[in-house]
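Take a look at these structures.
Shared chain: chain A. Partners: chain B in the first complex, chain C in the second.
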Partner chain A sequence: MFGLKLTAPAGILLAALLLVPTVLTVLYSVHDVPANGRSLGPFVGLENYTIVLSSNVFWRSAWVTSLFSIGFVIFSTLIGLAMAILLNQRFVGRGLARAMLIIPWATPWLVIGILWKWYADGSVGGLNAILLKLGIISDYHDFLSDPNSALALTVVAAVWRQASFAGILLLAGLQTLPDDLNEAASLDGANLWQRFTNITIPWLRPALITVTVLNIIYAFLQFDVIFAMTQGGPGDATQVLSILIYRQLFGVTQIGLGSALAVILGVIALVGGLLTVKILYRAERTHG
Partner chain B sequence: MKTTDSAGKRGTGGLDRRAFLKAGGATALATIMAPAFAGRAQAAYSGTLDMLAWDFQPDTIKTLVAEWTAKGNPAVNVAVIPNLGYSPALQTRLRGGDAIDLYYNFAYNSQKFIDQGWAAKLNGLPGVDDMVADMFESARAAHVNAAGDIISAPYFSAVHMMHYNDRMLKEAGIAAAPQTLKEVYDASKILKDKKIVESPYVAYWVKEFCEEYLHTYLLNEGITAFDTAGKPVFADDAKTEGVFEWWQTMYQEGLAPKSVLSDDPGKLSNQMAQGDAAFFVLHHYFLSSIRSLGGKESANVMQGPIGGANHTFQIGEVLQLGEIGDEERRNAAWDLMKFYGWKDSAGKFTVFNQWAKAAGLAAPYPGFFKDPDVIAAFPDYYDLPLISKTFETGSKVVPARTLPWYPDFQAKVGDVVHALLLGQATPKKTVEDLTAAANSAQKGRSL
Partner chain C sequence: MANIALDKPRSRKRATSFAASGGRPRSLTASIVIYASVALFALWVLLPVWYLVVSSLITPAQLGIKPFPIVPSSITFDNYWSVLTGDTGSKGFGSTDVGSRLLPAIGQSFFVSSVLVILNLLIAGHAAYGLSRYPFSGSRLFELSIIISRVIPAIAIIGPFFVAFRVMGILNTPWALIISYNVFTLPLAIMILKNYFDQLPREIEEAAKIDGASRMQTLWIIIVPIAKPGLVAAGVLIFLEGWSEFFYSLVLTNQLTVPPLLAGFQSVQQFNWNSLAAATVMSMIPPVVLVIIFQRHVVGALTAGAVK
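Presenting the complex of A and B:
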């Protein structure tokens, strides 16, 4: 009873911040809620879900969200891992490099989006200047107006921030790896790759699971960077589900439809996260 | 002029002719000035009014409002939020129960806001009929709905015009500014082929703005996209497909830069000012931006009508009055609205004159263009009679834009038009998709 009392404030806070909005969203999703929100409006059952699931706009957006998420999760995890391994080595300026790792992570998503929009600008952006100098492109190109490159560029911008977050978590994991494990393996003749796959990765597996699950959730819920860079365009090339939800809820105030979309996205993110945990933990148990 | 209050009643007994005439003159004067005095008489409200605006020259907004307060009116708390995302922010505030007395709004949202109980009809408010009567006939449908309800007052108005670089045209051997779609295409080809400018034509083709261009170019071809009941009739006219063919060709052939799908108008103005573009279709007041940028080509940029017929789209964003229960407060807010969206207590276009000076914005009142102060406020490079004539007879507001389902259609146009420009849809498919978007918006819930 005493313990319950002690945890009550936190419980109430969690309920207010998570439970109430969740219940309200589910409730809205089965009503035709008027824009002014003065009533729930008529109960429509699963009609909003039917409208959403039978719409090409939804499926196209779900496809774009999947592409974005796959790129985001893979690259932010891998680059984060590479940065963590690099910063775990001894070299001059390591302290400064570790401090710099925090900078992208400390920058708000929206600011990252604005920065990258300018950086990728087709007339004055620095990205074009660098690619031109490297001989990768022959002329300035407007990447954000090109449906083939806009999504990729939003992934790059989001990864730029998220990789540093992954790097920080994985670096913390690497620092707990005893040096004598690698030394013993070296003495036994294991090369760098063998040590990486048989010692480093298994050791980091718990941290990697955490990082991957967080990255999946961040990927599905990503909004700020994409909105700042493209607002979902050109056309619907970068219209991920979160932008579609924003448009429905706040642009055209179709509260019921927007809520149904939000519930669907929530379920996708939840299932995606749970599946990842299950797969990765099973792999951990298999590898012992 | 319709008035509300007369100056107090007096008995007429015992008056001589002179006294009667004096009293009659005073009454006539009071009648003429009544809207002005009425405002102050009704502004018995002693609290503070709340006004919400987007962030175009916020200091000017505050100065103008302070000017109104200084005349013995209530203080006004002006909140300013960014233009980008203004509509979602405003709706979220109102949905959350924020009571805003007067706010800027996009015209296409105005009827929806009335229907949701977020904005009040202006019917019967003192002087409101005079305000409407004072407008260009072409502008009235933006503020008066099909049922005759007055739903908004103007914040500013503009007409879409063609901006062109006169020097470049002369260099290319083009004698007169092109007007029809074919003329603009041909001129753009010549300018590009002669390497005078790489991508001669720019338009503000971001998703949110495609709907305005839809009306601009359809009107230019003599097509009003929707009938008064809101039926999408653009599909019935073969010229609609022709407009879309032209858009797609301009973009696909590189006559417009690829970046126009995401460029903001500031960048487009700068391209005109620096000589990176030769044609720019947008609101007339963008000539001020282009000239004031002081680029190497700024002084060579001129303004002319779009299309030979000089039929273009008249736009304007609006002011709406919140649903205010307190009568004194409502009257005070309405007085502020009149000042901000029509005339001041002396019958002058004080606010509009300031916007004309600041940015070349216009007002949908014929009197605005005849006001010597306004004429003086517009820089010499504007052809004010042309703009006035365009308001009067050369432009339309498309009344369907204020219908309650319209914001849903507006939100869908960008995706469809971008697909066309990117070559992902044919002009024919674009007509079908836009018709479907209009129909589904009218039906209600749809993505």
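Presenting the complex of A and C:
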């Protein structure tokens, strides 16, 4: 019982701060809550959910969220893996490079949004200057007010941070990989690619699963970067679900609808995370 | 045949020891590929940061030049001066309000993050130690629910917080943030510390028990000193979370801490990017410095906290 006594304060605190508000939000989602939020209002059953699920705005936002998440998860994980492998090689200045890897991760999400918003700016941005000098573009382009590139840029900004996070975790995994394993394989005639697919990847699989699952959750719940860069615009080009919910709750104060949306988002993040765990673990089992 | 096969590795091994850094010998092509990739990596990480720093050190007139002066001809600290003192003069944003609020916001961010670190180390430390050493029925379920709590969107629970804090009269105070941030820092701290305690040898505690120390004494006198690296790492990560948090602070306060203040800058008419860049650089310094100092500790804890 000593263990329970030690854990009780944390348990009570988390129950009060997490469980109670979650239950309340679920309750809100089945009521027509007045805008002042003082009472629950009349019980409406699943009406809020039917309204949400039959609205184009929701499906459009879910689509944007999916696009953002797919780009975010794939590029964060792959770039992170590439950086981890690179920083695991021997080269002059490796310590410095590893310290550099930490900078994007240590930067607050909101600051990343602000930084990239201005970096990509159409008149004073640095990205335009660089692309212009490289001859990739012929004139300044306002990427964030162009619906075709705004979402892609929010993905790049978020990936800039999250690839570092993935890189840090995967590098830590690589550092525990015994050198002998690669040595032995190369003596047996395994080339670089064979060593990569037969040694590095299986060794990193647990870390890769963790990173991918965390990235999926981060992707669905991302708010700060998009809020700072575009606030969901131009139009609804970058209006992911978290931004849509924010607008429902604090813009038009539709508490019931917003809560239903929030519950849906939580379920999506949970299901997405669990499904990934399941799929990746099954892949691991079939790989032996 | 067998002899030849055995010979080969030995000769390879010898060649290895001649390589400058003690690793496998590398071809010139491989070296070129690696250094080119390192350069690419450095550009990917540093270019945006460089852009930010340069923006904070040049005048609005210099910023207006196309293309952006990647290497500026001259630098100035005026932007820093103006955001720190709120003295916008004729060179800054329309609202002196935003500028003069930066220093107090930095102070509030430090206060919120520091109190959060102390509270979390105490509460999570006890819980993690209990979970690690004295598991009880339901402790696995507790750990599992902590992990799952990560998928609860902040936006799904902010409403009830807002209402409760309004009733308590602590909206727009640091306490609203210190309380609500526990939602994500406490699970993180418990996971990191439990993992750390799991790795500590139990023999020391058994010896203490034989010497007649109570379980609480053992925790405070024996465990806390040897768990210091884990506590430091957890502390740094909690501080970072507190320092970086934007959403709760946006909703529950009127730009009390640094992130919502920076976001507010952007919606002020007639402000300039130079001043915002200076404020942004200052907001990045504490977390980046802290993490680079405690690099080793933090990476270890991050790995543990993420995997578990």
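Definition applied: the second predicted complex is superposed on the first by the 288 of 288 C-alpha atoms of A that agree within 3 Å, B and C clash if a C-alpha of one lies under 4 Å from a C-alpha of the other, contacts with A are read in each partner's own complex, and residues count from 1 in each chain.
Following the convention adopted for this analysis, a residue touches a chain if its C-beta (ideal position, glycine included) is under 8 Å from a C-beta of that chain, and two chains touch if they have at least 3 such contacts.
These numbers come from a predicted model, not from an experiment.
Participant: Counting residues of chain A in contact, which comes out ahead: chain B or chain C?
Facilitator: C
Participant: Looking at the overlay, does A:58 come into contact with chain B only (first), chain C only (second), both, or neither?
Facilitator: A:58 contacts chain B only, not chain C.
Participant: Answer with first, second, both or neither: which of chain B and chain C does A:3 touch in the superposed model?
Facilitator: Only chain C; A:3 stays clear of chain B.
Participant: I'd like to know which partner A:31 touches here: chain B for first, chain C for second, both or neither.
Facilitator: neither
Participant: With the two structures laid over each other on chain A, which partner does A:253 touch: chain B (first), chain C (second), both, or neither?
Facilitator: In the superposed model, A:253 contacts chain B only, not chain C.
Participant: Mind working out whether A:187 is in touch with chain B, chain C, both or neither, as first, second, both or neither?
Facilitator: Only chain C is touched by A:187; chain B is not.
Participant: Per the contact definition in the header, classify A:168: touching chain B only (first), chain C only (second), both, or neither.
Facilitator: The answer is second: A:168 touches chain C but not chain B.
Participant: Identify the overlap between the chain B-contacting and the chain C-contacting residues of chain A.
Facilitator: Chain A residues touching both partners: 37-38, 121, 123, 246, 250.
Participant: Tell me, which parts of chain B touch chain A in their complex?
Facilitator: Against chain A, chain B makes touches at 87-89, 91-92, 94-96, 112, 116-118, 206-208, 257-262, 267, 276, 407-408, 411, 414-415, 418-419, 421-422, 424, 444-447.
Participant: Chain B touches which residues of chain A in the complex?
Facilitator: 32, 34-38, 47-48, 51-52, 55, 57-58, 121-123, 141-142, 144-147, 230-236, 239, 244, 246-248, 250-254, 256-257
Participant: Which stretch or stretches of chain A touch chain C in the complex?
Facilitator: Per the stated touch rule, the residues are 1-7, 9-11, 13-14, 17-18, 20-22, 24-25, 28, 37-38, 83, 86-87, 89-91, 93, 97-111, 114-119, 121, 123-130, 132-133, 140, 160, 164, 168-169, 172-173, 183, 186-187, 206-207, 210-211, 214, 217, 220-221, 223-224, 227-228, 242, 245-246, 249-250, 255, 258-259, 262-263, 265-266, 269-270, 273.
Participant: Taking the touch rule as given, give the residues of chain C at its contact with chain A in the complex, in rising order.
Facilitator: Within the complex, chain C contacts chain A at residues 8-9, 12, 21, 23-24, 31, 34-35, 37-38, 41-42, 44-52, 54-55, 63-64, 66-68, 70, 123-124, 126-127, 129-131, 133-136, 138-139, 142, 146, 148-163, 179-180, 182-183, 186-187, 190, 215, 240, 243-247, 251, 259, 262-263, 266, 273, 276-277, 280, 283-284, 287-288, 290-292, 295, 298-300, 302-303, 306-307.
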